[in-house]
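You will see two complexes here that share subunit A, one where it goes with subunit B and one where it goes with subunit C.
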Partner chain A sequence: MLSANIVLFTALAYVALLFLVAFVSDTRARKGWLGLVRSPVVYTLSISVYCTSWTFYGAVGSAARSGLEFATIYLGPTLVFVGWWFLLRKLVRIGRIHRTSSIGDLISSRYGKSTSLAVLVTLIAVVGTTPYIALQLKAVTASFQVIADATNTSLLGMPTRELDVRTGFWIAAGMAVFTILFGTRNIDANEHHHGVVAAIALEALVKLFALLAVGLYVVFSIGGGVAEVFRLPTAAAVLQGPETFGTRWVALTFLSAAAIVCLPRQFQITVVENADEGHLRTAGWLFPLYLFLISLFTLPIAIVGLATLPAGSNPDMFVLTLPMLHDQSALALLVFIGGFSSATSMVIVASIALSIMVSNHIVMPIVLRLPRRSVGVSGDVKKLLLVSRRISIGVILLLGFAYFVASARSDALAAMGLIAFAGVAQFLPSLIGGLYWHQASKSGAFSGLLAGVLVWGYTLLLPSFEGGPVSASLINDGPWGITALRPQALFGADGVDPLVHSLFWSLGLNLALFVLVSLFRDLKPLERLQATLFIDVFRNPADNESRFIRRSAAIDDLYILAQRILGTDQAQRLFQDFARRQGSRDDLPQPDTEFIAHLERQLAGGIGAASARVMVSQVITGETISLDELMRLVDETQQVIEYSQQLEHKSQQLQITAGQLREANERLKTLDAQKDDFLSQVSHEVRTPMASIRSFSEILLSNQDLSTDQSMRFLDIIHTETLRLTRLLDEILDLSHLERGELTWTLEPVDASAILRRAVETCQGMADGAEVDVEVDCRADDVEVFAHRDRLSQVFINLISNAIKHNTDDAPRLRIVSSVLDGRFIVDVQDNGPGIAPADRERIFTKFSRAWTTARPTATGAGLGLAITRAILRRMNGTLDLLPSMGAGACFRVALPVRRAAADVSK
Partner chain B sequence: MSRHSTRDAILVATVFGAILLMPPIIPFFDRPVSLFGMPLIVVYVFGIWLALIGLSWRLSRQLPVEGTREPIVPPAIDDAGRHEKAD
Partner chain C sequence: MSARVLIAEDEPNLIESLSFILGREGYEVSAVSDGDAVLERLRSDRPHVLILDVMLPKRTGFEVLKLIKLDPTLSGIPVMVLTAKGQERDRKTAEDLGADAFVTKPFSNQDVVDRIKRLAGG
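Here is the complex of A and B:
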């Protein structure tokens, strides 16, 4: 038969088991055997310190009162862990690299190792956690009370009325002993408490096992199956609560998600005690699974409890009272141990986390500011820290106990869990902002935190004392009767759920101040440096710090400092090790900036970043933070992006330019080739007549006995050749003038068709001589164009004579067609000669084009004709083209803009 | 799946999980209908929950472990010394 004393002795035996587990793990860890303790499963189980007795007993109570709402407390953490890659991984990495010892340390370190911020965070954590610890004490004593009442036994002969206070005290004392023994064994560079973690993991298994056992029993033994349980009338009552899925649902999910990151004990376990970032991969699904299992039977237990237990039973104790009602002593005992486990694990981890924060962020700064005592003795700081931690653990538990006694008669504790969540959620803006926003500043974080906590205290914490030290009128009518300041309806926000109301105002103000103040205040160099190191933690190793801070110190001073904090052995090893890393044979390393940064990080692991910085600064002789270097790093990403964009742009431009250059080069090459051809052609053309002139003049000079006839004939040849030379030079000159636009003609309206007719007539004789059949088809008559009469005539004659000269056909024909098309006077000169090879179509318009027409060696002329013709036409705004060949022969087209067409014959 | 797409999948799972569990979607399932002998809303909430766990399990296994494991940290007292050796 169960009795209070049996329960007590079982609890004591269980505590003894915990001591044993912690002791063995710690001893093994000291010897370097860490196998099981460092496994991802143990890590995950220890995270379940999230599930306190509030979960163990309170979840069923919450389900009985508000249905599914209890699930929000687990859904938030589930989401955070499913998305571990984004937030938790970064936190863990930062915690590892910067040797973060607590959430206060992380926030203070991020904002320039600020002491004031660390103090504020620590105070908030203590204020938020003390009631939470009281809640655990209350849960354990209540479970004792339930058993004592139900079995009508007394605990060690104590009267039931005094039971709560005395048991509460002894529980608190027992937990203090455990925590001091295993939580403050040493100042560790990374604050790992292997014994504690092992004990917590065991407790996690015990509470899960207990809850599953009682759940299975309730559902299948009492309820008779899942479907039967949900068919109970109370099921409908529980699930049909009004507005389960409103703003409160959202707010609670958000709050629990924030709490799993911000609660000091969660930070301690998830970040500080983390030994391997890879463990998060397991925790990412295993912890949600743990939460899932632990809340699986919450609803059925609540439903069955409401249905079978007498009205007025405390739903918070259903987990325990149900098995007791059915005389399942062993199960009840198991449940009690489960509840006891969840309470103790929370209290132990929370008090460790808080004691680290108190000693590092409150005691150390005070000691550092005291007038310098005698020269530090080796290990004195270490001793001081350990003592202060032990005392803080005692004080914190005492505070929790005092709170528990003060509010033992009120129901305020029930809501305490959520109030604590809302309190620590104030860390969220500074924490997240600090991890992802470069501009986030210390003053922003400080003002946001302070304002948020004050509003939280006023709107949520204060009303929880209603009926006790706080009068109801303050809540209902506001202070001094000012209704706008009613704590649960600030500025007339009536009818909102008090928790949602408080969250809205506190976090809203917190966030607004954080962002605004950060935007308007410039960062100090150290803040900027820390911001960069934290935000880009995956790109910057912590060693980067030495890139920016230049410091120097005497190695002896540093050694004394390290000894004071770490103790002689550890300090010596640290120094030797770094000396070896520097490649020095000596036991003492060079006190360069890298070593100082390394040492400061090591010390920060023990005493917090802010205190470590203060202490190191005391022995440092000079410190400069290289802002230029820092800015360069901050802008690194930006610059890389910018550069690559610029590069892309430039390379596009380069491609275009290269293309243009290639084209220009081709053109130049062609021009160069043309120039060479031109020169050789000119010399050739000049040489031939010159040769004959020279030879004939030599004959004339040397042979005096030539007949007059002969002399005359030779002179005639010389004359003809001279004419040819002159003509050639004239043409070249003409062309070059034309091309440079140096000739000044006056364009006047002329009758183009008349000029064409005259040109045809001029060439008629030549055509007759070559027996070419000329056909003229003048479809346009009396067409006025702007032109130079003689030059236009020259154009037509050139084209016609070319067509006659180069026609090698047996029955040479020439067809000249004139017309007006689209406001242009068009003349086509078509022959039936050999035509122009496609490759030569453009070339024939260049100078000495004849040079290429090797197919026609008999042809005469310098080959400047078409080039001159085209140049002339261009001067008259006209064009000369070779039409795409249609059948045999070539067809040249002259086109000139018409000024006025009197009549179109073709119409 | 590459590391990037796995990372994106984790983000999508987290965000969608949150959306599915929030109003206005969740009240849609809050109606007196039974499924497997349980109210629809209970099956829905716990079903999404389990699906998230499954997804997280599947995706976490695909992510590479980065070289972040701390060297085995031996006894706290001489921690710093040996710890540095392993670096």
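Here is the complex of A and C:
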């Protein structure tokens, strides 16, 4: 068993080690030997300040009480580091460029360097962090009393006496001293707290080592192996805790993800203390790995603790009481130091972060509003700031201590941590919205934050005091008995997990107000500028600021101002550097807009953007925010967006055009193929008579001994073929003109029935010669149509002569029927010939197709007749169709619209 | 014995001119005017040379040529393809199908006679 003195001595020795590490790192850093301190590993280890004593002790407690729920606390940050890496990178970049000193500074700076917003964020941070600090004090105090007072009851994890307030006080005091010594050496955000970071990294290693050691001991020494542990009866109870992946599960994962971004201490370590953006890449995988290792033995310890420690033991202390039960004093001591480490690292970083916020956002604005006292005392503001930070640290720890005393009786560690998480999660909408949404305005952020934090306080923080200063009736019946306002069941949302309930209402209202107010309130010029600089941080360097704000000031005033805040040495260096950059030989730079912007950023690193702006404004003699420039910047962004939309639109149009072109191309290809076909057909049709002509000419030329009869016969053939050739060429030209609509006939009212009669008469001779019996049945007389007399006649003659020529029947017959049907003059030409094969029905109307040549090979035509006939009719708004075959032969139908009105007039 | 030439051609005037010039050279000439008739005649009355027009009714000259070359009893008959579509594509098709000569219309009588002589003699 360990005596209190040994524990105390060890703790003090450990603290001394921390001091040493911090001191050495700080001194080395001052001499410029950054080495190890600036490595990505140290950066990652310092991020593990996330794992406080709450996770060190409380995770096992949570696992024992609620099973796998503890994992959410690790899951959220893992998701952020793995999946939301780009968000962290943006935060870090903005932090570096704008010399952001805290999360409050970032939010206020984004929304037009608003002081009121900075104050609100600071207050929320303090209110949210105080219970968290109290939690750490409590954990250390409790663990100290448990380990140093090893009676049987203490093995239950509960100190025999009340928590010793004095122990808590001395711990708080010790932490305050450490923090003040190493956390307030300078005021500039970009001068990192190397000593603190080194100490935090060491503590990260210690707590991981302690947890792994106790985990290995519990599993392999007490439990007898992994499999054995999970075979314990309590394993089932732990693993089948409350529903996994339920709403509470999701809410907790979300909360812890929000916390890793929004907690002031995380922001301090991840953004403000970041020395190199590239370190994030290492942290992206190393931090999740750290979380994995630290949570590795949580379940086994919880299972073994439940199985072997007496019933009623405090599960939050299993990590400590398990080795104690087995008399492993050294291990217990290591665990105690591990827990101590987690608590101190959190308290130190949190109080540094909060003290910066309090001094920059609350103390400075007040000082700036006080009537100005001594002007020009070098470093007076710097001194004031350092003093205010030291006092702030004291006050914050005192507040934490007070909360610790007030809540000493409540025993769940995890609940207090979650309350803090939910509090800082209120920053999330303004923070993320500010980084990605141009329209997000200060009023939106302010109203959202205020409403969110009030609802959070009412629904989550207030009920945590139940039994203490808050009466149970308020919780159960609502204020003044109004049940709709019960803190844990707002508007009848009964039976919901209190945390989920609070998160829903607070964040919901926060987000709704943030969005709605932002939408309805216009941005001020400075807000618009900052929004653009933040959101497009990867495109617009901060120097852009000088494009928009034109300011002038006396260089002396600026120097005095810089001296007051930075101290003489640093101010001198700053001015000299910039003078050199401007190319001036003087020690004093030109106080142009660019320099003023640069100076303001440097000051912002020390006192926050809002205060820096106020201070610089005091010495500014003229300031104009160039709205034109600003609008142009906004326009540029807008243009880029519009341009990309246009591009998108254009590419759609291009796609459509490409489609149309493809179709047109297909059509052209078809037409081209048709043209090729046509030419090839023409070629064929021309070459055939040419072949006869040439062949017979050659015969006549080379054979002088031919008889006159023979010669005459051959000459006759040549003559006939020449005529055929001429006719063919005429037809081709005719068709071509018809198809292009180039023929200029005037259509006039003609008597179609009379034209038909004359056509029949014309063909009568031909019919007689071919012994074809022609029957005419004119059922319509005196039909007036709008046509060209000769062309119409040509149509009829074509059809009739076709029917005569191609009829191979033994008793060839031809029947011509005319009638008027539905306002159309109809002429059917029906023969009893071989008919037309179904496959050829459409083809016969195309050029050079001769359906009949198969049956009667005679040189009768080039196969253009039907194509021409159809084209002629089309020009007269008529049609030519081949009727479905009825029995033998083919039946062609001509249809022309009857010109009734004219017919009536003529009558 | 004079060599026999079969003309497969649907233009009567061309049949007449070809018959005349080949008859003068001493060939025994006969003619058919559609694709089906060619194959029938080849089997019933095998000629020494075939003059085959491409644009034949019922069965095109190319189809006929393909069938001839597929049929081992007929494939030995030399074929001179005659076409009015003097395109390179047709010449290629004819060669691929195994035509022994290719003549485009309008042809030179002497050219036809020379080719027939070569085919009949070979």
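What we mean here is this: the second predicted complex is superposed on the first by the 613 of 907 C-alpha atoms of A that agree within 3 Å, B and C clash if a C-alpha of one lies under 4 Å from a C-alpha of the other, contacts with A are read in each partner's own complex, and residues count from 1 in each chain.
Methods note: a contact is a pair of C-beta atoms (placed from the backbone, for glycine too) under 8 Å apart; a residue touches a chain by one contact, two chains touch by 3 or more.
For clarity, every value in this text was computed on a predicted model and none was experimentally measured.
Enquirer: Touch test for A:Glu721: subunit B only (first), subunit C only (second), both, or neither?
Expert: After superposition on chain A, A:Glu721 lies in contact with subunit C alone.
Enquirer: For the overlaid complexes, name the partner, subunit B or subunit C, with more touching residues on subunit A.
Expert: Touching more residues of subunit A than the other partner does is B.
Enquirer: So, does A:Gly278 touch the first partner subunit B, the second partner subunit C, both, or neither?
Expert: first
Enquirer: Quick one: classify A:Arg30 as touching subunit B (first), subunit C (second), both or neither.
Expert: Only subunit B is touched by A:Arg30; subunit C is not.
Enquirer: Go through the superposed model and pick first if A:Phe86 touches only subunit B, second if only subunit C, both, or neither.
Expert: first
Enquirer: Between subunit B (first) and subunit C (second), which does A:Gly741 come into contact with in this model arrangement: first, second, both, or neither?
Expert: It touches nothing on subunit B or subunit C.
Enquirer: Both subunit B and subunit C touch subunit A; at which residues?
Expert: In the superposed arrangement, which is not itself an observed complex, subunit A uses no residue for both subunit B and subunit C.
Enquirer: Any idea which subunit C residues touch subunit A in the complex?
Expert: 10-14, 16-18, 20-21, 24, 33-34, 55, 57-58, 84-87, 104-110
Enquirer: Mind listing the subunit A positions that touch subunit B in their complex?
Expert: 29-32, 34, 38, 68, 71, 75, 78-79, 81-86, 93, 96, 185-186, 188-190, 192, 225-227, 230-231, 235-236, 239-240, 244-246, 249-250, 253, 275-278, 281-282, 284-285, 288-289, 292, 296, 299, 566-567, 569-574, 576-578, 581, 602
Enquirer: Touching subunit A in the complex: which residues of subunit B?
Expert: Per the touch definition, subunit B meets subunit A at residues 7, 10-11, 13-14, 17-18, 21-23, 26-27, 30, 32, 34, 36-39, 41-42, 45-46, 49-50, 52-57, 60-61, 63, 65-66, 68-70, 72-85, 87.
Enquirer: For a test of understanding, state which residues of subunit A touch subunit C in their complex under the given definition.
Expert: Subunit A residues touching subunit C: 680, 683-685, 687-688, 690-696, 698-699, 702-703, 717, 720-721, 853-854, 857-859.
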